[in-house]
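As written, the chain order gives the labels A, B and C, with residue 1 at the start of each chain.
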């Protein structure tokens, strides 16, 4: 695997740079996002006051916008910090949580995409489809069954992701049972992860923070670093599930173990578990 | 036990419907509320921006208002989402956290009760008494000692709960060492749970989210579904305590195990542990 | 050790008084702060609406201001609750998270210090230096390497802390590998804790909530109670690290064990682990 030749360097860069990550997040998963950022080697800082976000983001290495819960002051803060990050050349991740779920949220989303250049847009298939088409079948924050990636439609989803990447300039990272990560020319298909991850809140939000950390230490390899982040995080989920299952435990323990394995993750462990194909 | 003939269906309906639950919560326990909603079979969505709550709640199956921490935009959001939920016939739960603790909070509380029809009002005895009488002995968010339900006063508390249910139209669910759940005609007394639950923040908030999930999948059996939710959650607490104690652990582990057992809860486990009487 | 003659009473007072603690915190660590307050024997209440903070704080025994994430309404709330706490003689703790990181945050910080009398100011060395000098080398929320307390500079840092205490009237509590806790005349040096604590978010915030609980039950012994709180919390971290390490686990489990050991902490355990010197 071509990516296996680069992954050692991707992990080393995180240790070397220990990127300081600005996250604008939500009241549900902010703690999880901060802890997973630390677990995977970054240093989180969460600021959202419109009058301080530019100062804060200037001292950081990257920025993650999580749309999980709109609050009124956040729009201005996201725009300011995003623009400043763009000026400084910091990688910026967009997690369009619940895209399509409400008119107001959709307006904000398109305002962000118009005004900020994103390095990676990461969401489930329903959220990403909404960004491209302006319509969605999803209810709540989970992907809709009718949108799911299957063996039958995977080629067209890859084509769709490559086109959306071409249009937006961002790596498009779609998570689900099968993850698809694409820029305009190349796509990774990743089959790590497990169903239990959808029984814990914030596993998507956390993944966006992990991606932010990986790419902010690897600015020249956004696509590759995103793929490694997805696969490593998914594999941490598999290990957490195996441990939970073997002890007859439930979702509380699973959540703890997911954090554990992410904090123990390294290139060796990643290579043992990665299930990645290139298209 | 009459309730044992219905409980299998109550659990099955949750699996079948997997209710999408809108929660307006607080910055302290929002993550716990989301995770316990998932653990007991629902799908949480947390939105609080006044301009999006109606859209969000419309795509849900039920709504939980947690008063845990007033922030200024929440009043409008709670009112809008509550009214919309009423229009759509969605069950609505009120958790009057800290009722009586501050003049402003009390005003908001009575404004909510006047404008929204609640299916269940769940709180500790001091909070519920405040709703009925406008006075409270409690400091902070715990029930006051002088209010506690004892063998001596339980009959009058049941009478009080039935009357309040008659007045409000909501099932009145009072949690404590002994829980009392009543509509105008019937009351359940539940003796599950353990003292350790008061050493973890948000165990009350989480219970309200569990109740919301149970009743939103069982709209025709609000009283029964609330009783099953209370008993199942309390029993999960007992199991968590036993495990924690046997391993010499503390409140951090207890909190993880509570989530574990709630995610493993089903009709069989519920029936093994339920301590429920009817009045 | 002189402090060992007082520590039993310090722990007993917490059990006797069970202080109700008002915390104004942030969306990242509010849950952790509430749970650690409970774990160490207090009762947390978190209110931040400007119209209710005075009522809430009046029914409490102490108040903790955490600057972790500025939101616009918090400035008014912090000022109101702080002044009311001062009027009532409640101990007030300031945690100047990220002091120096942004112009707006700095302005607020100095506004708080001008208007509120603090019992304890607890931060890392970069944050505390900023309060004294108005300049900082730190990026994000961690102390800067160039600021760190070493064998070479410890005498001057102690002198600095004593002077800042004289100037502000607050006990100055500096956390790091070596903690320094000083009033105008006396300093404690504490060598408990472990590096793993910086791999979990909110370990500083939690310490401030622990300090608040300890001093609010021990208003006549602010310096001593702060030192015991620091040492006990640090030792809980060491025990958590040992357990995590022996089981090959990661930061998720460490966080759970830290809470566990804090909830099991008592005078006996404290005396087994305390590493405290007096200057």
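Rule of thumb we're sticking to: a residue touches a chain if its C-beta (ideal position, glycine included) is under 8 Å from a C-beta of that chain, and two chains touch if they have at least 3 such contacts.
Every value quoted in this text rests on a predicted model; they were computed, and no experiment measured them.
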Chain contact topology (line, ring, star, complete or other): complete
Interface numbering overlap (same over half, different under half) for subunit A and subunit B: different
Superposition of subunit A upon subunit C: rotation angle, C-alpha, nearest 5 degrees: 120
Centre distance in Å when subunit A and subunit B are each reduced to the mean of their C-alpha atoms: 33
Junction residues of subunit A, two or more chains touched: 26-27, 31, 255-256
Interface residues, subunit B side, partner subunit A - complex: 20, 25-27, 30-31, 34-35, 38-39, 43-49, 51-52, 55-56, 59-60, 73, 255-264
Touching residues on subunit C, where the partner in the complex is subunit A: 26-29, 31-32, 68-72, 98, 101-105, 139-142, 199-202, 249-253, 255-256
